[in-house]
Amino acid sequence: MTNEPQEKPILHIEGLNKYFDDLHILKSLTTTIHKGEVVAIMGPSGSGKSTFIRCINRIEEPTSGQIFFGDIEVTGPDNNISNIRRDIGMVFQNFALFPHLTALENIMLAPTKVKKKSKADAKETALALLKRVGLEDKASSYPEQLSGGQQQRVAIARSLAMDPKILLFDEPTSALDPEMVREVLDVMVSLAKDGMTMIVVSHEINFIKEASSRVLVLVDGEIIEDGPSNQVIENPSHQRTKEFLGKIL
Amino acid sequence: MMKGRIKIISSKNYKDIAYGGSIAAFLALVIYVMFFSGADWSLFKEQFLNFEKMEGRYHIFVSPLLLVLKISFYSCFWATAIGLSMAIIRNYNNMFLNGIITAYIVLFRSIPAMVLVVLVYFTLPYVGLNLVSTNSVIASLSLLFSAYTTEIFRSGINSVDRAQVDAAKSLGIGSLQSMRWVILPQALRVIIPPLTSVLIDILKTTSIAYVVGVPELIARARQMEGVIGSVTPLIFVSFLYFLIILPVVIFSSRLEKRSRRWSKS
Amino acid sequence: MDGAFDIDEIRYIFFNMQVMEGQWGLLFSGLWMTVKIAVVAIIASTALGLLVSILRLKGNAFTNALLIGYLEFCRATPIVVALIVVYFGLPFLNITFSPFQSAVIVIVFVHAAYIGEAFRSGILAINIAQSEAAQSLGLTQLQTYRYILVPQAFRIVLPTLSNQWTGIIKDTSICTILAITELLKAAQIVAAWKANPTPLVMSTLLYLLILIPLTIFTMKLERKAGLKK
């Protein structure tokens, strides 16, 4: 029994390129992510981290390259991208909650409209998720009535409502006041402990040490470092990584 | 210190002059019209507000009123439907379709309503298309005002933050559903005020139907004017227009308040 | 007619230049009348609108109520109705206006209300600090309006203004219901006489020739203003 060491990866990215006009943002990125991994992506601003994570579910259209999500090619021209996106959750820097809907309605929208779940079903799930992120008492609040940290927790619950197989976080704490960072990170850590596959663009060193298993360092659109968190942070191999870590630590 | 006082006094003086001047001008105008313009005011009551002569004739306005409402309703419906569809199509950023839609907007924003109504009504029969006069008015108004509604819906859609679209996409919500459940509800705040003024414009523009022989309010008023020898029916009709338009204004301000609910606090 | 679209048939009906022979003179004199009404109305309504907006901003409760009433009246009154009242109704009171005068009076009266509202929101949009800064420099209030507020407001209201001016030109065609031979009336006269719609098509093209550039200009201004927001 070889205990299947080569389990099918959940995400495989092959030769991903992205140009904005003449600007070469992502340079032929190739990487593989397995189920249950929590991968942190670090790098100086302008290095292409956000573009990279937004290309994974094609919110940003890649210029060339292939992205495989399990057996499905995300970049395949015939695939219905909306169907694929249901299984790839995403949490944004600025929360992007729907301002005209309450917290509860925000979470219920996609399950009822996309998955055609019944209202009662969706509501039950949504309330459970709100409880999980510690906001069961905010169900009927509108986003504007919530703090940044609360909004981001609702946004996480909203993604979870679609039962995603992987969660993408695009700088989830960088728009938050410092005192609210912890409450969001706590939710993320508990997700990681539950075995959720996560890709997190973040410089939160505490989160990385605590929860992430692997760190990618992106500089000028290239992955210059890829390894276990401790190793990359304590003992980086690349000069650019050392400089960069020196600035943020 | 001195300078400051002088400034205050001088600015106050201007205000007083503006107040006093505007009131004086208005009174002067009223006095001129009443006593020196040669107008005979017993005539005014007899000719303009002679409701005794109108008695027993009000029912004549019922069917033309319904007709005006019908023309307005269908024109509003089609103008909104066409405008919304074109705005959604434009959102797909297809160069060819956008070109066509822009040409459509420029054309129908440029053509005067009166000209289009006359053109449609008098020329279509020559190509064998015999539209009832009412329908030719509805068609003209729908074409004209859909040019405006398209732009209203488009700027409403554009007013919604792009991050909202991204968030909807990331949840697997398709583009039409995201339009329906995420974008339009938010765009409504921006859309409703100008859309209301288009609807009011449509209501007013129905009066042009008079020229192509639609038996609407003005046509009836002018007939009656001949019969009773007084302009009162026409004054009554302009009052009716007020009555039709008022509910639209009230309705729209309510809707506006409702859609603002979530942005308060 | 067999319902098929025959290109020669269409040309014969809608673009029949024989019909137009000798008739262009009438059409162009109609166009001249349209231009005259429009130019006078545009100048007068803009001036009156400016006055209205300043009265609205400086006025007391009494003038405000009056001017709001005026605006609401114009919003709810179709121009057709107003034209008929002024031209056919006022003579009952021994007040008689020529068709040209009636056209100008009604169009100016109605559009000045809208233009006044546009100027008012333009002036309100200007930072109050501007007015304070100007007065701290020692400018009088009249000078502040003349040199600081009005030029800035003008830039803000230009899209609305140009839209209103286009609207005025379009509304001149409504005057066709009066005894005045403007462009549309001229076309209708020739079309009826020759029993062919070509003159109507030609007059529409003449309207478009004037109005399309204005519409494009307006849309450009609107887009520019929209981008700035």
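Order of writing sets the chain letters: A, B and C. Residues in each chain are counted from 1.
Just so we're on the same page, contacts are C-beta pairs under 8 Å (C-beta built on N, C-alpha and C of every residue); 3 or more make two chains touch, one makes a residue touch a chain.
Computed from a prediction, not measured in an experiment: that's the story for all the values here.
Asks: Among the chains, which is located farthest from chain A on the basis of C-alpha centroids?
Replies: Using the mean of the C-alpha atoms as each chain's centre, the farthest one from chain A is C.
Asks: Where is the C-beta contact count highest, in terms of which two chains?
Replies: B-C
Asks: Taking the mean of each chain's Cα atoms, which chain ends up nearest the overall Cα mean?
Replies: Chain closest to the assembly's C-alpha mean: B.
Asks: Could you grab the centroid distance between chain B and chain C? Build each centroid from C-alpha atoms only and quote it in angstrom.
Replies: A distance of 15 Å separates the two centres.
Asks: How big is the gap, in whole Å, between where the Cα atoms of chain A centre and where those of chain C centre?
Replies: So the centroids are 56 Å from each other.
Asks: Using mean CA coordinates as chain centres, what's the chain A-chain B distance in Å?
Replies: Measuring from centre to centre gives 48 Å for this pair.
Asks: Give the list of chain C residues in touch with chain B in this complex.
Replies: Interface residues on the chain C side: 1, 3, 5, 10, 13-14, 54-55, 58-60, 62-63, 66, 75-82, 84-85, 88-89, 92-95, 135, 140-142, 166, 169-174, 176-177, 184, 188, 191, 197, 200-201, 203-204, 207-208, 211-212, 214-216, 218-219, 226.
Asks: Quick check on the complex: what are the chain B residues that touch chain A?
Replies: Chain B residues touching chain A: 161, 163-164, 166-174, 177, 181-182, 185-186, 259, 262-263, 265.
Asks: Spell out the residues on chain B that touch chain C in their complex, using ranges where they run on.
Replies: 7, 10-11, 14-15, 18-19, 22-23, 26, 37-40, 43-44, 47-48, 105-107, 109-116, 118-119, 122-123, 126-128, 155, 200, 204-208, 210-211, 218, 222, 225, 230-231, 234-235, 237-238, 241-242, 245-246
Asks: Contact residues on chain A for chain B in the complex?
Replies: On the chain A side, the touching residues are 54, 57, 59, 82-90, 92, 94, 96-101, 109-110, 113-114, 142, 144-145, 155, 158-159, 162, 168.
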